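Before anything else, here's the structure in question.
So that you can tell them apart, the chains are marked A, B, C, D and E in the order they are listed, and the count of residues begins at 1 in each.
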């Protein structure tokens, strides 16, 4: 073991505070430091992951108070996998936005990377933490930096998007607090494992109240319909890499939190059905809304929401297969949707309104970016032999094993809608005449490396899904093993 | 054997007999004479019993029937039709107008003497000639065919330059392809 | 290394290398392209024997690749036609844009089709199926004409088919615990009644889309006509046969075990019959050669489906034989259209006329393929049709015979239209400059056209592999003599030896051609097509007297009631309705943050109200 | 009497907290001005904080830090954790409000109005 | 008997017979038409004279190679039909190359010629030819339906597709199929009206309308070939009807009588009829003839 989970929270937070300081000394450092930090964290995450795969979860106690009293961080196969994914995506986003524009001023860059580090801190913290109030704190860290990042461009629309996000985010934190209050007032503990072990003591009415408020609060972050009004706006108006970070990092953390709550904290079977129903509705509404979008990133945002709905459905099956499918879907979605956001923002780089019709015929001028976007499109709609296919297959297999014919049919029908709008964009990119008034922007080298890395992963996972399925199986087994989690946390000395 | 004169004679005889009894007529209804064709063909006079029958296109026809006056405008078409017919082919001038212009002798837009433009084998006079006269004209043509004397086409071939000259006098804008034998 | 892997790696690597090689020069790219098609084909036929199989494991899923005699039969269509089309494509694509992408998708399609034939498990079947779908999709939109309508339509229908198949696959997996086709077949009878119905329906939907069966065919005309012709020849020739391949497996294995199979057979056969009729009628109506051939493909696939669905040994043979023949002649015909389009710039009958003297070899290829298509005796199409009729009569599908015969007679109409529209009619000055297509395009066409003759004379050449394939599918050896030689012996004992008939036909033909030609040869002269008997008028150079507008107007007037309703329109209406609905759903996102906040509160309130029924 | 009073007070505190939350919700959901919405959100926060503190309160309890009676009888100590939570929540709420106000300023600059119905460029 | 030369001789003889009979029948039809129209009419051998004249034309034009092929295709179709249809039912004479006469094969061979001819007509570039061809093909689609229905009915009823078998059945049972499957006969005869292209179905070559349609650019030897082919084909078709429905014929005289009777149906129907338009013609065939065809099939299936 080369490090402890606490570093995942501490180092980026520290880096976030140090960035402005170092920036005074060496201006380039605001760009370099996050990279170094994230690279280190990635190495650390991979090492820890390997350790965890062999030795079981690491439970880190902060400030020496043992659970259930103290705050603890849990780096299990499940959370570790997500942390690794998030840190990796953070690195990709950093790489991409190293010089997003060719000449970025110092001030915006400083703020941007600072906020990005905060975002990663919060998200990683959400995944790692074993304490429900700590979760609240991390959510708030994430949210506040997300508000700021959404409003990063000084246009009026980004402020509007950010404000909507903020409104819903405040409600979310309010609900979360209420839920925490209910749980604490009933059980007198904030430790998740402890809550999970004592949940049977709680009165059902309070239990249901708590789960409703928790679910709503986390649902807002996890883009569940009808709580996701902020999402399309925020995705569309945030800078491209931030969109990728939302899709790949923030939402994943929120999903993790809600799933952890439903799987580990509560023992309500109705919650699973609720997940399926809500997930299905989210999927359908989002995909149908996406098909009529005129703005590229907004379309991607709706698609992202839809995918989250699908993840919810997969989690809602409650079987290990379902969890595996959901995790696979989350992984693929993180990779592919990031790829789409990253390449898509170069496709509409110079356009004011980011309209889909402005990508007409752009394939000739931005061959690699366009190709990667198309690759991402193919992958996300689940065309083999790309990564998305395997996750879709596992979702469907899990559904079939749970005897959910209707779910299979609906998912597939919605997939057809998904196919339609992605293919429309692909058609425009390659087979339409270019609009002369649209000027293209060639991606920088860093951005290209970032995108190509993601593209390569899409292909690798597509051709060789075994590259990740091993981890995913462990992670899903880990999530399903509620007793094991409680045991691991509470018996720690 | 084919070059043998006697056998050629026999072949000619048979062929001429066949041609004589199978006359497919392309009735070019240029003038008022066209009205005399139906009575000729239908039940009262029934030209078909002589083997005379209408042909649909010049490619299939043996006889070109110029029925009546021929305007300068129509001449071009008639020449065209005649040249599209397959050998052996015959022309029957029908009515006085084809002989000397008839009642249109001083018209500015009809041709007077058909023979200057197309090699006429048989003229049928009258204005109009009655079906009886038409039938007798066909009989005359049959006679000529049987004797091998209905060689207007050969005449046309031999004197093509002369005919062309006459034709071109009437038709100023000559757009037809030159007739290649 | 296993040869199968080598083949696929060669295909895949070759595809990518060819794609990238655009910078190295066109010649290099062409050679790479041809090598990528030919080398794996060579390896396949030399090193992969029937019965070869290999199992491996990807992502925790057992996969198995192998080839049986039935797949081998289709591999002839795929790789054989593919090789010819590849040579054609090299010349066809000369000087065109995005050749790399074309070559890439061409190779990928061929690889995917071979993969489908090699897949012994449903997952790799599906993977290759989808690779085939998207690579062909890219080809459909390749020219950029009307891609949002035609391309999306193609993809949506493909997706419907593929997802129906996927649903069947996951259901099968959950029931049998395995993705193997064999385990599906062996445990099919133990499924519940619902599943016994549902799974064939889903699978047949999936295959039916590719085979362009009646209600699912609407993508085909647009897609076939929109793709580059060099690709359409394998699109229509081989790719659609993959649907047939799947259907055959469903019919011969699963559906023959259950009593409901009879109904399936009847329904699908009748759908095939209707496909044939309406495909033909619409083909007659088309003025664009590509569209005409596209509808014709739909119709011809209808015959094949009828044969396959009836499923008696003779019918199956007929269907498979027609499948092979259709690959050959329709491949050729699309190549012909491609050649004409390349040389003249249009494929519209109303524009191009009188090419016979300019493109004689193309005409020969077109003529022979058309004769084969029409099913007229000397050439191969007849054998298939004949067997089809025999099988339909012997299996008591009398009305279906009439339907098929009607469509096959009506097919003469568009056959003639195709030949007349392009090659016959008046020669126009506008097309005086047209030259014969390059040798690289003509030679594949002519060879393929020659194949139709060869297979018409010696159908045993292809009937033997078909028989082998059918044995793999469980048809017994009892009818062995049926496909022993090129003698066709129908079930009622009428024996027709084809070769003497063909020789007689040829002999009579040659005799009369010579008679007509040399009689009075010296006095027979050639005249141009302007020298026609048109009431003495001389058509001027710019006057086109060719009859090409409203070619079969009287016929179409007669059948107009049947063609008044188009399935396509209903689909379009549904699609438009859905889009309007979706436009409505997205208005949920009003753009007002407060509304969203109210949504949240409402959500919570609803959950709180229904908490007992949800969590109770 | 005293018990009843306490009870009333008890429920009164809870009720007040809920009332505050509802007032805040009213402000956030019904008022059309951005500023009032922000204020409403703050009020929700305050209400929740109040509720949280109220829950942590022990009748006759004392502060957990160096207050009289604390050492004698740990049981009368008020649970410190809700108070810690409230402190954190207040800080976070403050941060959120600050961001919100910043955004409101920017929105006002761009749109020239604070009416939320007119700030709807992003929709559908 | 089985020598190939003997067979070839048989081919030649039956060709000559067919040519003669067909030509004579056509001449007779002209004569009959004339008599109905109160004319004297040409002699019955008039068609021979016409053919001879056409053969003796000394010049000809062609528009391309297909114009040579067209008449040849037509001849192939006629001669092959003749060879496949057994002329007499004694199984010895005029068996030609018939391979026990397969009906389906025959159906296709019969459309082979018109299609080839259509190609030849197309090459001429004459619009009338193409119009005629389209009309002919359309009409063919029309009359093939009842025709095939009738044949399918026979096939169902007697479980054979062989003409020879059908003839043998009639000989053995002593009942002609006209009596044992009357509806099939009616459908077939109504279809025959279209097949012979007399009025009202003479829309293909309509002389005044289309200038003889597909033939309009053919004169001399081409027309001669077509005429011969038409007469051979007519004989072949009549023989087929006799074979199928009238029990075949054991000698030529019987054959002539029977074929003449059959032949009179379209001729007499045609003499008194005007001309249909194409779609009227098609709809005609899809009306009563198809109905009778359906009846025939039902009859065959249920009885």
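We take it that contacts are C-beta pairs under 8 Å (C-beta built on N, C-alpha and C of every residue); 3 or more make two chains touch, one makes a residue touch a chain.
Computed from a predicted structure; not experimentally measured.
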To get from subunit B to subunit D along touching chains, fewest steps? 2
What are the mutual neighbours of subunit D and subunit E in this structure? C
Any chance you could check whether C-D or A-C wins on number of contacting C-beta pairs? A-C
The distance between the C-alpha centres of subunit B and subunit E, rounded to whole Å, is 36
Using the average of all C-alpha atoms in each chain as its centre, how far is it in Å between subunit A and subunit D? 29
Which whole number of Å gives the spacing of the CA centres of subunit A and subunit E? 78
Contacts with two or more other chains, residues of subunit D listed in rising order: 28, 37, 119-122, 124
Return the residues of subunit B touching two or more other chains; collapse runs of consecutive numbers into ranges. 57, 59, 84, 87
Residues touching two or more other chains, restricted to subunit C: which are they? 523, 525, 528, 530-531, 533, 586, 589, 591, 593-594, 597, 601
Chain pairs satisfying touch are A-C, A-D, B-C, B-E, C-D, C-E
Help me check something: in the complex, which residues belonging to subunit C touch subunit B? 523, 525, 528, 530-531, 533, 535-538, 540
Give every residue of subunit D touching subunit A within the complex, in rising order. 21, 28, 34, 37, 41, 44-45, 48-49, 51-52, 55, 79, 81-82, 85, 88-89, 92-93, 95-96, 99-100, 103-104, 106-107, 109-111, 119-122, 124
Subunit C-touching residues of subunit A, taken from the complex the two chains share: 160, 163-164, 167-168, 171, 175, 204, 207-209, 211-213, 215-216, 219-220, 226-227, 229-230, 232-233, 268, 270-271, 273-274, 285, 288-289, 291-293, 302, 378, 383-385, 389-390, 393, 396-397, 399-401, 403, 405, 408-409, 412-413, 415-417, 419-420, 423-424, 427, 430-433, 464-466, 469, 473
What part of subunit E is in contact with subunit B in the complex they form? 30, 34, 37-43, 46, 49-50, 52-53, 56-61, 205, 207-208, 210-212, 215-220, 223
Show me the residue ranges of subunit E that touch subunit C in the complex, using the header's touch definition. 57-66, 68-69, 71-73, 75-76, 79-80, 83, 97, 99-100, 102, 104-105, 107-109, 111-112, 115, 118-119, 122-127, 130-131, 133-135, 137-138, 140-142, 144-145, 148-149, 152, 155-156, 159-162, 165, 211, 216-217, 220-222, 225, 277-279, 282-283, 286, 293, 297, 300-301
